[in-house]
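Have a look at this one.
Labels A, B, C and D are assigned to the chains in the order they are written; within every chain, residues are numbered from 1.
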Amino acid sequence: MSHAFYVNLSYVFAGLITAIMIGWILLDGRARRQEMAELEAAGIRRRSASPAKDAEA
Amino acid sequence: MRLKAENLSVRRGDDLLFSNISFELARGEALIVTGRNGSGKSTLLRTVAGLIHPEGGRAYLLSDGRESEAKVPEASHYLGHRNAMKVELTVRENLDFWKTWLGDFEGGKGLGIEDAADAVGLSGITHLPFGYLSAGQQRRFAMARLLVSHRPIWLLDEPTAALDASADQLFSGFVEAHLKSGGMVIAATHQPLGLAETRELRMKGFDYLAGEHAA
Amino acid sequence: MMALFLRDLKLSVRAGGGALIGVLFFTTVVAVIPFGVGPDLNLLSRIGPAIVWIGALLASLLGLDRLFQAEREDGSLDILLMQETPLVLTVLVKCLAHWTATGLPLVLASPMLGLFMNMNEVAIGAVMLTLLVGSPAITFIGAAGAAVAVTLPRGGLLVSILILPLTVPVLIFGVSAAYAAVEDPAPFFPPFAILCAITLFFAVIGPAAAAIALKNSSE
Amino acid sequence: MSEPIPAIKKFSDLANPTVFLGLTARIVPYLAVLTALLFVWGLYLSFTTEGDYQQGETVRIMYVHVPAAWLSMMCYSIMAASALGTLVWRHPLADVSAKAAAPLGAGFTLLALITGSLWGKPMWGTWWVWDARLTSVFVLFLMYLGLMALQRAMDDPSRSARVSAVLILIGFVNIPIIKFSVEWWNTLHQPASIMRMGGSAIDPEFLRPLLVMAAAFTLLFFTLHFLAIRNEIWRRRVSAQRRLAARMANREG
């Protein structure tokens, strides 16, 4: 096999691994953001349901 | 539909834990099994649920006077000491799984996940992992499992053990509603469930009188 | 059934990286071999397929004891048992989910270890293929062992000891098929076909035995 | 999440996760753009410069292999520093930083191993040899995976923090072994040529793309590390808020 093959393959792997890492971090961040939004929504509903109790706490 | 148990006997080791227990339940009837620890209350329930093979006797369903094709375990919910929920999954994932897995027995329909959570007084936290909840909350969601899929027979083993008074009341409400809609309940308990009309089966260990109080 | 499969998959992903630990164990077991036998590349490439297979075998035994024990501890097993769905099918689905979560990553990691053992491309492909076909058999046998040991408080080690002798045929034909692909005189297909047959055989026997054991496990 | 960024009044404010999140939100876009620009430049350089007369085209693999190998060690050093921060100063962000770095380190180490293999095959005729340099880098990879498994296995971050910090520090022994393995033992791997006593031994023709790529990879690492720390802070907040939500639901119910 030609040397160019190995060279290109190594760049492909480099691209692949960095893409996986970037993708994982972005997706993870998005999932956390969504969880926080979900909690926020639940929290607001709880507060509006019983404002007096929340004020005490 | 009627649930009939004939001459159930269960052996543990060399001894008979109980023998020749017979009872019959019609729609809307409840049977409370009482007795001291070790008298075989749990074992009786597990036998009816098909989890223990009885030494003798059997339990079956009667419909229109004939023996039904459906087996008792399929027609029953069993709520044991453990909650049958995974702590790693969220409440919704847990209930969703049981809802799809169990399906509905003919003649009824289970509640939606959120409605069931609402019914046990814990709406709005179904997105939390089950393991984050307190013991009392976990127990309430274990009850919610009974609501999300329809089963005519409820087998309840110490259902109110980890519950405070208000949840206790809540649960009695479920049982009563279930009975009103034509369900049957067999519950093993120390404490009274607060039900108005029930029959009682007192387990006395080995020297009991067979099915004395049962119909 | 799909619900059960997805639930089990979710559980094994969430609960402490099960696949990661399996792959890590696999890699470590294979990686210590060169330290033991010395870094002689010819020797390593000769014993490579066998080492990778043994490593995969041991790694796939790791989480098996939890297959039913976890269900039993939280009471889910009772409810699964009460359903009229054939219990054999339930066990089969659980096995498939377990294999997807822990066995498949091992298969995917095996080419890397093949390189470390200085195996050539054909040998690596053969090992990967035989592992893909053979490792489900280990899970199926393991299910039977896990079901037998489900009531024991410390069943973990016992499961491995019970299962290991039963997996010997899988190992024999898996390794001989892998070698047959590399060494010319022996044909690749016959041992590979036997390996497939073993997996199919255990796919029936394993869940059936597990179902019988589970039915009789509750006290 | 666009939270107002509190001004940094005291040095200790840096320990505040909220301040850190604000800082991240401000810095990361610039870092990302800079990284991308450096990568464009570096890739352009690495494909246009001349090949080596000895190694031919394969010298281009060096432009990814060496930065990845460098990062695999730097990442571990950062984790070791974070572990010290956890154990000595109990810095609240130190454990978060260590946990966020582990998968990145594993990724770059894997990249170094793969590109090394791809370089070794045409040069040495084999994908892998069990020599000191390669083995010690492989051990580093296993350590990253082990640390990830450990951090994931424990649910409670405050408990897992100290345990994994101790483990990280023990594993740090491996870093000097990797660094000096080419000098202590005879290996196939060529010795370091950039950073050594008596000046660089490498032709400036190769040095320029290598340095640009190294800078690009390093910036990439820091960008990702910042983002990963942010994710981890968020994960812990979510977990804390969930427990709170469970408690509040109980009080009302």
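We adopt the following convention: a residue touches a chain if its C-beta (ideal position, glycine included) is under 8 Å from a C-beta of that chain, and two chains touch if they have at least 3 such contacts.
Fair warning: this is a prediction, and the values are worked out from it, not measured in the lab.
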| item | value |
| --- | --- |
| Touching both chain B and chain D (chains) | A, C |
| Inter-chain pair with the most contacting C-beta pairs | A-D |
| Centroid-based (C-alpha) most distant chain relative to chain B | D |
| Chain B-chain C separation of Cα centroids, rounded to whole Å | 38 |
| Geometric centre distance via CA averages, chain B-chain A, whole Å | 42 |
| Separation of mean Cα positions, chain C and chain A [Å, integer] | 32 |
| Chain centre separation (chain A, chain D; CA means) in Å | 19 |
| Overlap residues in chain B, where contacts from two or more other chains coincide | 124-125 |
| Shared-contact residues (touching 2 or more other chains) in chain A | 35, 39, 42, 46 |
| Of all residues in chain D, the ones touching two or more other chains | 242, 245, 249 |
| Interchain contacts (touch definition) - all pairs | A-B, A-D, B-C, B-D, C-D |
| Residue ranges of chain B in contact with chain C within the complex | 12, 46, 49-53, 71, 73-74, 76, 78, 80-89, 93, 96-98, 100-102 |
| Residue ranges of chain D touching chain B (in the complex, touch as defined) | 155, 242-243, 245-247, 249-250, 253 |
| Touching residues (chain side chain A, partner chain D) in the complex | 1, 3-4, 6-7, 9-11, 13-14, 17-18, 20-22, 24-26, 28-29, 32-33, 35-36, 39, 42-43, 46, 49-50, 53, 57 |
| Residue ranges of chain C in contact with chain B within the complex | 3-4, 7, 10-11, 14-15, 73-76, 78-84, 216, 218-219 |
| Chain D contact footprint on chain C (complex, rising order) | 16-17, 20-21, 23-24, 27-28, 31, 34-35, 39, 41, 44, 115-116, 118 |
